[in-house]
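Two complexes follow with subunit A in common, the first pairing it with subunit B and the second with subunit C.
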Partner chain A sequence: MAIYLQILSNGLMLGALYACLAVGFSLVWGVLNVINMLHGSFIILGGYLTFFAWHLYGIHPVVMLPIVAALMFALGFTLQKLVINRVVSAPVLTTLTLTFGLDMILYNAMTYWFTATPRRITLDLGAVHLGSVVLPVDRLIGTGLALAMTLLLYAVMRGSTIGRAIVAVRMDRSAAELMGIRTDRIYAITFGIGALMAGVAGVVFATVFPITTNVTGIWLGKAFVVCVVGGLGSVPGALVGGLVLGLVESFAGHWFGPQQAITAGFVLMLVLLLTRPTGLVGVRGYE
Partner chain B sequence: MFAHGILRSARASLLAGGVATGLLAAALAAPAMAQETIKIGAPLALTGGLADEGHKQDVVWKMWVEKINAAGGIQVGDKKLKVELIEYDYQSEGQRASQLAEKLINDDKVQFLFSPFGSGHTKIVAGVGERYQVPTIACVASSESVYDQTLKYLFGTLSPNGGMTTAMVKFFKEKFPETKSIAVLGRDDVFPKSMAEGIAKAAEAGGLTVAYKELYPVGTMDHAAALSSIKAAKPDWIYITGYTQDLILARKQMQDLGITAPIVTMVTGPSYTEFTQGLGPLANGISSSSWWHHLTTYEGQGVWPTTAAFYEDFKARTKGDPDYVHGSCAAAGEVIVDALARAGSLDKAKVRDAIAATDIQTFYGPIKFGPNGMNLSRELPIIQVQDGAIKVLAPAAIKNADMIAMP
Partner chain C sequence: MRSGFPLYAAMVAGLLILATTPLYADNYVVRTAAIVAMYGALATSWNFIGGFTGYPSFSTAAFFGLGAYVGAICQRNGIPMGLAWAIATVTVAGFAALLGGIILRLRGHYFAIGSIAVVELCRLVVSSWSSLTGGGDGLNLPLMAWPPEQLMRFFLFVMLGILLASLIATILVDRSRLGFGLRCIHQNEDAAAMVGINTTAYKIAAYTLSAMFCATAGAAYASWTGYIDPTDSFQIVMTVKVVVMALLGGAGTILGPALGAAAFVLLEELFWANFLDWNRAILGVVIVLLIFFLPGGLLSLGVLRRLRAATGSAKAEGGK
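Up next, the complex of A and B:
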């Protein structure tokens, strides 16, 4: 029994981290209809910024969180404004290819500057023991942060003018333009928020996982699966998708061996694509 | 993953453009090298996932070429020929390594190939070398499966993985007689998998119970499930194989989940400084095995007469300590020097037979190839991280510390 509680909590914490990495990806995909291939590299870039600030200047990752968030927002905003907006209404394959090309530049530049050596913030925060269940503190913080970011995004989308404008553009671009919304600007802000979320995930990940450009593709792949599982077009989709994927991988790893853990995640994705293309909590029309 | 998968080939072809530009530049520069040289081709992973390993090979090969050319070159019959090393970046993509090996042989007319890092990519490049009968020296491939393909032109300077497992089981049982069971977790990849399977076999043969044995796929970013199962099995010895990033993550998660054992071995983690740097204090107590360590005191022929001479040279050049990749790859050049001296010509078949008959002493240790082309077994160092530094526990001749239990 104790081991199942441990596996359950492992799965939930892993799932929250998955949610954290997918929220921004889901937003950009849902609103801009852009599959942002840069997302994995954005996460790692956020991780590197955090790592070097800590390694070279001793800045704590918590302090870096708002700084990385601001820098990544600026990067995302600029990229969308100057580059991606030029083709944003083209078919999805065009924007996919564009972000893929941009990803190659960023990925190779990071490998060139930082090398592929795995780096880690050796800031081991220990663990909390609840009976026989062990909860690593950094993952707990990651879980909290993932939930907080999702809630925050949800609140922004619901309650702020910008949020309502983003939702309006997502629903009908032409109508939104007629209502006086500057869609180019909304796109840039949305992409900026997506990059910001990736950066925040990078800060969290820098304390939990080794940071190396080797894993950009892995994180991008996870974001993709989380979105398909959870569904696009709703903020809680990424959260639900992340948690479900984390739990499935965790239990599959225990029951069928670690070799099958990743496979189980993809099987889940395939089953959902066949039976429920909108994902678990996705909004119809965004599949 | 799906979308990324689709675009892998797109990435490949786009990157190929960059390579082509580099090749063009190399081709334009070629006429300047009018006099006869010995050309060695090296497809290298200078970017991508194996970039760190690729750069290690690159730095020692350049050191070696400079040294050998400064000494006038390699003696072939009555002539001394300079060495030209032609490197291309294959971006850690196996498919491209094969294309570039073909290009090196057909366009650049290399007489030898140095194979890239890892058993998997060595297998690919050696296949091309075999087709064109170009002797291929592999300095970082230790899985016997690579040498089981009856490739006549492939020779490897690392000795078989087997040498790392049986001796280790015996040594640990001597040091910790109460060791009864082992848990093995290995990456599902050529070398890490063969080590995981090798240690499980050796442990069973040595009278230990294998309490857990699983492989994890490439791309695993969470070991919590596997480690929780290992914790439940309560082994005396935990043995994990993988690349540095996998091992750093596994060690970190072991700490998080409160999992430990008197002996924790990670292969080849501690052989690399990246591992100890990435883990900090968490690296302490982790044991491993390696093919070579710079504390060994070998003497022999070649541009570096002793291990110390190589170490000094390397330290002066890179400010860091060499690991087994550096040692083994630097020694690969000496195999060619020795074989050419004995063959007395550049004739492919003669050179191949001369390499097969290699029996030399070098700063890296003895090199003598077995019937499958691998360097023969010898006593390999067992190492452990103690206070952040690598200590050698065995063999007795170079031992500089006693083994400690995991803190």
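Up next, the complex of A and C:
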């Protein structure tokens, strides 16, 4: 029994990270209808910024969080405004190939400057024991930050004018335009938010997992799975998708071995794609 | 017009250039020619589903990898090489038909994701089914005791044969009811279904065609290199590369994908040789420029446009 409690809490902690990792990807996909192949590299870039700030200047990751968030937002906003916006209404193949090309550039630059050596911030904060369940403190903080940022994004989407405008564009672009919303600007802001959330995920990841360019594809894959499982383009969708994936992975890892954990995630995604393409909490007609 | 003469002339010329490399160039050039032929076959295959039908399929690497593994496993069990390739082709075509029946119900982004997931799933299954596939250790194939030059020449001709077969299939499909139906699906699937095209069967046919030649190429590649492993056989990068090649040449045209493959491989070799640290970024820049300035591919350029218009139905492309 105790072991299951441990797996459950591991799964939930992992799930919160997954939600934070995927929510930006999901928004960009849902609002801009663009599959952002850069997302994995954005996460790793956020991780590198955090690592080097900590390693070279001793800046604590929590302090770096707002800085990385601001930088990544600026990067995403500019990229969308200057580059991606030119083909934003083109078919899937075009936008996907474009972001793949951009990803190759960013990936190459990061590998060149930072080399592929895995790096990780070790904070050594000990662990909390709840009965027989062990919870490492750095992971708990990471989970808390990831959840807090995801919920903050939810509040922004629900409460602010910008957030409502994004939701409006997502529901019906032409109608939103008629209501006086500047869709180009909303697109750039959404892409900025996507990059921002990836950066935030990167900050958290740098304290939990090794950061190296080799894993960009893995995180991108997770973002795909979370989106399809939870439902596209909404914060609650990413949250549900992330938690479900985290739980499935940790239980599958326990029962069938770590290698099968990833397989289980992909199988779950394919099954949901075919049976419920709108995701667990998605709304029909939104795809 | 409608005579396909410029098209055939260009096709024969291209194949001849590749086939005659052993006469005047060293082994490196011959190897590059074989790679061009291989990617040409992969891109031409992708064109059935991605170009004609307009379904953004990213499963090329799955078919290539499965073909490599089926071929390798057959050869390890004493089946002669040619037969092993044939078995790989048929098995993977059957697999694609079954899989197509499932994932072709998805459209747009969802189909794209589903087809990428297939590559990942194949890789994961192959790497964990160690008893059959050797898992992460990979598989060794029986070595061919030929001198390197002869070996290279042999595989150049094999790859050229696969490329030729895929091109012939493309021409046949392009001129048939099937090709017409696929282009209709590309433009408007619901309307196509409404005027009586069996869209499901047509899409499955296109998907199966897109898998077959990839499997043959994969099996031949396995025999060529003599060793395969899961990470190398099922690469997402390879899948996207093939799509970029087809776009570079001109998706939905007959010669475009093969031409794009040749241009891409040559660029890649050039960048690898001269800019070791930055080759990936330079390719990325090429892709970005391509999307911005040449969205119709090389065949939309003035001189080459005649090749595109060589057969009547190619004009249907560009509709969307």
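In this section, the second predicted complex is superposed on the first by the 285 of 287 C-alpha atoms of A that agree within 3 Å, B and C clash if a C-alpha of one lies under 4 Å from a C-alpha of the other, contacts with A are read in each partner's own complex, and residues count from 1 in each chain.
Rule of thumb we're sticking to: contacts are C-beta pairs under 8 Å (C-beta built on N, C-alpha and C of every residue); 3 or more make two chains touch, one makes a residue touch a chain.
In this text, all values refer to a predicted model and were calculated from it rather than measured experimentally.
Enquirer: In the superposed arrangement, does A:Pro277 touch subunit B (first), subunit C (second), both or neither?
Expert: second
Enquirer: Check whether A:Ser132 is in contact with subunit B, with subunit C, with both or with neither, and answer first, second, both or neither.
Expert: A:Ser132 sits against neither subunit B nor subunit C.
Enquirer: Between subunit B (first) and subunit C (second), which, if any, makes contact with A:Ser89: first, second, both or neither?
Expert: Neither: A:Ser89 stays clear of subunit B and subunit C.
Enquirer: Mind working out whether A:Gly217 is in touch with subunit B, subunit C, both or neither, as first, second, both or neither?
Expert: The answer is both, since A:Gly217 touches subunit B and subunit C.
Enquirer: Based on the superposed arrangement, let me know which partner A:Met104 touches: subunit B (first), subunit C (second), both, or neither?
Expert: In the superposition, A:Met104 contacts both subunit B and subunit C.
Enquirer: When the two structures are laid over each other on chain A, which of subunit B and subunit C touches more residues of subunit A?
Expert: Looking at subunit A, the partner in contact with more of its residues is B.
Enquirer: With both complexes superposed on chain A, which partner does A:Ile262 reach: first (subunit B), second (subunit C), both or neither?
Expert: After superposition on chain A, A:Ile262 lies in contact with both partners, subunit B and subunit C.
Enquirer: Could you say whether A:Ser160 touches subunit B, subunit C, both of them, or neither, answering first, second, both or neither?
Expert: Neither partner.
Enquirer: Looking at A:Thr115 after the superposition, I want to know if it touches subunit B, subunit C, both of them or none. Which is it: first, second, both, neither?
Expert: In the superposition, A:Thr115 touches subunit B alone.
Enquirer: Residue overlap on subunit A between the subunit B contact set and the subunit C contact set?
Expert: On subunit A, the overlap between the subunit B and subunit C contacts is residues 35, 96-97, 100-101, 104, 108, 111-112, 217, 221, 224, 259, 262-263, 266.
Enquirer: Can you check the complex and tell me which residues of subunit B touch subunit A?
Expert: Going through subunit B, the ones touching subunit A are 1-4, 7, 10-11, 14-15, 47-52, 55, 185, 188, 214-217, 219-226, 228-229, 232, 244-245, 248-249, 252-253, 255-258, 274, 277-282.
Enquirer: Quick check: in the complex, which residue numbers of subunit A touch subunit C?
Expert: Going by the criterion above, the answer is residues 29, 33, 35, 83, 86-87, 90-94, 96-98, 100-105, 107-109, 111-112, 217, 221, 224, 228, 259-260, 262-263, 266-267, 269-270, 273-274, 277, 287.
Enquirer: Residues of subunit C touching subunit A in their complex?
Expert: 50, 54, 56, 102-103, 105-106, 108-110, 112-114, 116-118, 120-121, 124-125, 127-128, 236, 240, 243-244, 247, 251, 277-281, 283-288, 290-292, 295, 320
Enquirer: Please output the residues of subunit A touching subunit B within their complex, sorted ascending.
Expert: Against subunit B, subunit A makes touches at 3, 6-7, 10, 14, 35, 37, 96-97, 100-101, 104, 108, 111-112, 115-120, 122, 124, 127, 129, 134, 136, 138-139, 208-210, 212-215, 217-222, 224-225, 249-254, 257-259, 261-263, 266.
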